[in-house]
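Both complexes below contain chain A, partnered by chain B and then by chain C.
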Partner chain A sequence: MKTPGLLSYALAALAAVLLALLLAARPGQDPTPPKAPTFATLDVLVDAGDHQLAAWQLDVTLATALLVGIEGGTDAAFRDAPRYDPAALQGGRVVLAALADAQQQLPNGRVLVARLHVMAPDGAVDHTVRGVVAASADGQRFTADVEVRLHENK
Partner chain B sequence: MDDLEQRLRRQLQEPEPAVPAAVRAAVLADGRAAATGFRKRRRFVRLAGASAAAAAAALLAVTLWLGHGGGPDFDVADAWRVASGLEHDRRFDQNGDGRVDRADADRMLAAIVALPTRRGS
Partner chain C sequence: MKASTIRDLVAAAVLVGLVVACAGSEGSTPASYEARGESTGDPATNPLAGAFFNDGSDGDIRARTDNYFVTDLGAVIDLNGFGQGTATFDFGAFRHEGKDGADESVDELVVVERADGTKANYGPDRIAALRAKVDGKEFGQPLPLQHTDVRGKVALNVSSVTVTQTYTNPFAEKIEAVYVFPLPQDAAVSDFVMVIGERRIRGVVREREEAQRIYQQAKAQGYRASLMSQERPNVFTQSVANIEPQSRIDVETTYFQSLPWRDGAFEMVVPTVVGPRFNPPGSEGGIGAVAAGKEGTSGQSVEVAYRTPEAAADGPAIDIAVELAAGLPLGTIDCPSHTVTIRRTDERHATVALQKGVEVPNRDFVLRFAPKERGAGGAVSVYRDADSGEGWFSMSIQPPLEQLDQKPQAREMVFVVDCSGSMSGEPLAACKRAMRRCLGRLGEGDTFAVLRFSDDASALDPRPLPATPENVRRGLAYVDALDTGGGTMMERGILAALQPPIEAGRRRIVTFMTDGFIGNERDILRAVHEHVGDARIFSFGVGTSVNRYLLERMADLGRGVAAFVDIGDSGERQVDELFTRLERPALADLRIDWGGASVHCVEPQRLPDLFVGRPLLVHGRVHGALPRSVTVHGTVGATPQQFTLPVAAADEHPAIQKLWARARIRSLADAMAYVATPDELRDEIRELALAHGLTSEFTSFLAVDSSEVTAGEHGTTVVQPAPTPRGVRYETTVSGGGR
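What follows is the complex of A and B.
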C-alpha cells in the first residue's frame, strides 16, 4: 500500500487553510437590514392646450426603478392602456403610444393619458421623458408639454 | 613516412571541427526550417488579429446602427391619420395587403413602441 507523500500532506494543509479563509470571509449578520423596495405610480399627463388630443407617444426612462405595470388614463378617449413593448416590463425604459378611441369625444387641456406602476429597489423614482409626439384630430402634430406626477404607495 | 608526417602537419594546421560537418548542416537546416515556420505563423497571427479587429468594428457599427437609427420613420401622428382614413400613402401599407387601413395603423403602433433590441426582429 502506498503511503501518502509530502505533496499529499501539503495539499491537505492548503485545503484546510482555504476552508478557514472562506469561513472567516463569510459575511456575518448585517446590522442594517436591506431597504424595502418602494412602489409608486407615475401619472403621465399630456397638456394639449387648445388642441383636441387624438394621439400621443413618448419615451420614459427610469434611472433605477423598474416598471411593473401600465394602465390607461382617466379620460374616456384614452382609458385603454397605451401600446408598449411587453419587454419593457421589469426594465427601466418604455415607449408608450396611443390613439384615441374614435367613439369618444377628443379631450383638450391637461389629459391624464397613462399611469405607470414602478418598483424602486433603492426608493428613488427618478425618470426622464423624451420623444413626445402629440397629434390633433386632423393628424397634425403639435407641441405638447408632458407632466409626470409621482405618487408613492405607502 | 613522409605521407604520415605531412598528414600530421596538415591536421595540426587545420584541426578537425568540433561538430562534424554533416551534423552542423543538419542543425542549420533544422533551424532555418523552424525560422520559416515561425515567420509563417507570425503572418497568420497578424492576419487573424486584423480580421478579428475588423469583425469587431463591423459588429459594433451594426449594433450602434440598430440601437439608434433602426426606429421606424413614422410616428403616432401618421398612425392616427392611417387609422382615421386620412392617409393613403402606400408606404404605410405595413402588412402588404394593398390597402392602408386600421390594421396597418396597429402595426405602426407596434413598431413605434418596440424597444431597440426588438426592432427588425
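What follows is the complex of A and C.
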C-alpha cells in the first residue's frame, strides 16, 4: 500500500509544478512591476553664427515624452524661460519662443537658449525639430542651426 | 551628545531667559514618552536654540496639555495631530550656513519619533515643531512659506498680477510644502514659474490627473517639482516637492483679471486667505477647516489648516504693490481695507503699496480707483490674432439708466442673515448695522421679512409684514436679538427665502448677508437656480475674507448684484447703493445689437439685468471689425427701452483672449451645478483650459526640474497653515466650538 501513496505524492507534486508553470505563463500576469517613467532634460542650442540673436522660435515634436517644464538658457539675454503655445502642446508639439532681455548684450554664435524638462514614460526622449526662426535686433530673420540634445543630468 | 555642549546650552538658555510659552492643564497625550537630545546655537538669534531634553524622564517637562509639552527651559513642543501612543523625542541636524557658504554652526531641531520607529511625527506624516518664547516674544513654529509678494499692474481695466510665494525648508530633512491659498474667482491664471536660485522653470498646463501623476512621480524620484491645482474658482492648492534643508524655492503665479466698475470706481481685490468653511454633515467634497497639526481630520477632500491668532501674528508677511495706468487722468484712489502709500507719478500713473513686511495675510486687499472723467458708452479692449484675423474683445456697457423715470414694481424685501458660528462677533455686528439701515430704508408700499439661519432657519414672522413703523420696530428688535452659533446650513436659508408663494404684483428682492464660508458651493448654487424663479438676489458679503465666488454667483443667478461690507464698515454706503438700485429701474431682458458686426461666443450667454452704477461687462469673439456703436435693448417694467452707445476706440491687450476663455469656463462651470449631464461641459472646460493655458477644475499647472535629483528620500509633507481671517473667531470656526 506504500507504493501507490508515494506515486500519489509524486503526481500531486508534478501537478503543482505544472500548475505553477501554467499560471506563470498566462498572458497579462507579468509579475514584474511597471517601469517607473524617467525624467530627462533637453538642451536647446541655437547657432546664430555672426548674427546677434534677438529672438527665436522653435517647433519640437516629442515622440512619447511629455513636456513638464521649460527653463531659460545660460546666456544672460535668454535667462528667462521661453513662452510656449498651449494649443500646440495638445497636439504633442512644443512651440517655443523667446525675445532677448533688452538690458543684456545680444549673443552670437552657439547659444544655449532653453532647456526642456520632460518625462518619458518609456524612457525614450526621441524628438524632431522643425520650424526654426531666428531674428536680429532690427527684426531681420536669418538662418540659424538648432540642436536639441540630451543634457547630462546631475 | 557632548556633556560640555549640554552644559553650555543650559547656561546659555538660562541666561537669555527662556520662559514658558504655554502652560495649560494636565493632559494625557501621549501616554508615555522618552526625550533625548540637545540643541546648540545662539538663542538670541535662533529661537530654536536652547531647547533640549536630557534622558527621557518626565523631569524635563514643566507642563503638559493635550497638545503641548513645555520644557523646563520654556520650549514648547506642539503635539497637535500626534495622537495617543508612545513617543520618542530626538533631534535632527539644523545647519546654519555662514557667509562663505561653510557651516557656521550646527544647531538642532526637535523631531518627534513614533514608538514604531517611523520618522513621521507631528501627525502621521508631519514634522515636529518646536515653539519657544524668548524675552516675552513668541517664535512661531518653523514653516515653509516665508513670504508672499504680490505685484499688480493695471492697464485700463485689466489687471495683471504676479504672486510670488517664497518657500524655504527650516527642517533637518527634505520636505514637501503644501499650501491652500486664494486667488480672485474670475482670475485667468495663465503663467506659473518655479524659481530655484537664478533658474526659472516655466510650468505647463496639463490635465489635472495627469499633472498630479507626473508630480507624484517626480516627487518620488527626488526631483524638485511644483503643482498648482484649482479646488474652487477662488481656492488653489500649491504643492512644492523636494525642498532640501535650508534651501529655497519661489513659485510665481500670474493671472489676469477684468476689473469691475462698482459704484463709481474700478475695484481690484486681492484675497489673501481662504476663510474657514463649514461643510454639511455627510459631505466629503468640501473644504475642511482644521487646526494646524490636525490635518486629515476633517473628512473633506481639501483642507485648510489654521494657526491660532496668537501664532498667526508671527506668521509670514505679505507685500502688495500695484501700478496704476488707467489710460485716463486718475481721480480718486482709495484702499478701504489697508493703510497704504499712494504715490502719483504723473496725472495718469500711480503706485499703491502696503508698508513692507508688516502685514499678515488675513484679509482681502481692496483697491478702488477712478479716472477723473469716464466716457459714456462702451469701453473696449481687444486682442487680434494676426494670422487668422480672429479677435477677442472685452466691453463694458453702461446705458444712462439715471435718465429713466418709471415707478418701480411693488417689493417684497426678504433679508436673510447668516447666524452661523463663523459670523460670531464683528461680522454679525456689521450685519446688524447694515440690517438697521435696510429696515430704515423700507418704503411705505413694501412688505418685508427677516430670516436667520445656522443649523436651521427661522423668521421674524411666518409671513412678510407690511413696512409699517410698528412692524419695522419689531424687525429692529428681532435683528438686535440675533445671535450666532451652529453650522452654515445655507440651503435652509435659501429655501426659506425663495420657496414661499409671493403676493401677485410684487417683486421679491432677497438680500443674503453672509461670509459665504461654506464648502458645498455647488449645492447652494443648484438650490438657488432651482428656486429663484422671478426673485432678484442682492448678496451682501460681510467680513474681511468673504467667499466672493459664492456671493457673486448667487447674485448672478438671481439677476442682482453683490456688494461687500467689511467688519469695520458701517455698511451705510452699500445699503444706500442697494436701495438706489432698487429705486431706479433696472433694464431687464437685455439683448445687444452688434450693428452687423460678426460677433459670436459672447459671455455671459444669459445677460444679467443692468443697474445704475454697475456696467455690464461682456467678453466675446469677433471676425473683422468691431462696430462703431452697439444698441442695447431691454425692458423696464413692461416698457421696451433701447439705447445706442458709441464704442470707444479699442485698446489692444494681449490678455483679452485668455479673459474670454476664463469667462467661458466660468459659464460652463456654473452650469455644471445644475445640468443633468455635465460630461460635455467637463470636456469643453478641459479643452478650453488646455488650449489657452489656463488652470481650471480639470487642469493644473506643473513644473518639474528634471536636471537634478535631490539626495535622500522625498521627505515629509508640511502643510502651511493660514491665519484665521481678521474678525473671525478661531474657536467658533476652526477648533469645533459652535460649528
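To be clear about the criterion, the second predicted complex is superposed on the first by the 115 of 154 C-alpha atoms of A that agree within 3 Å, B and C clash if a C-alpha of one lies under 4 Å from a C-alpha of the other, contacts with A are read in each partner's own complex, and residues count from 1 in each chain.
By our rule, a contact is a pair of C-beta atoms (placed from the backbone, for glycine too) under 8 Å apart; a residue touches a chain by one contact, two chains touch by 3 or more.
Note that the coordinates shown come from a computational prediction; the quantities given were computed from them, not determined experimentally.
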- Message: Let me test your reading of the model: by the given contact rule, A:A102 touches which partner, first (chain B), second (chain C), both or neither?
- Response: first
- Query: Taking the superposition as given, does A:A54 touch the first partner, chain B, the second, chain C, both, or neither?
  - Reply: first
- Message: Contact-wise, after the overlay, does A:Y84 reach chain B, chain C, both or neither (first, second, both, neither)?
- Response: both
- Message: So in the superposed three-chain picture, is A:N153 touching just chain B, just chain C, both, or none of them (first/second/both/neither)?
- Response: second
- Message: Contacts for A:R93 in the overlay, against chain B (first) and chain C (second): which applies, first, second, both or neither?
- Response: first
- Task: Please work out whether A:L112 is in contact with chain B alone, chain C alone, both, or neither, and reply first, second, both or neither.
- Result: neither
- Item | chain B versus chain C as contact partner of A:T41, first or second or both or neither | second
- Query: Can A:V132 be said to touch chain B (first), chain C (second), both, or neither?
  - Reply: neither
- Task: Once the structures are superposed on A, label A:R141 by its partner contacts, choosing first (chain B), second (chain C), both or neither.
- Result: first
- Message: Show me the chain A residues, by the header's touch rule, that chain B contacts in one structure and chain C contacts in the other.
- Response: 83-84, 87
- Within the complex, which stretch of chain A touches chain C? 36-37, 39-41, 66-72, 79-84, 86-87, 89-90, 115, 117-119, 151, 153-154
- Query: Within the complex, which stretch of chain C touches chain A?
  - Reply: 193-194, 198-206, 210, 214, 217-218, 220-221, 223, 225, 687, 690-693, 702-709
- Of chain B, residues touching chain A in the complex: 75-81, 83-84, 86-87, 105, 109-110, 112-115, 117-118
- Complex contact set, residues of chain A against chain B: 54-57, 83-85, 87-88, 91, 93-100, 102, 133, 135, 137-141
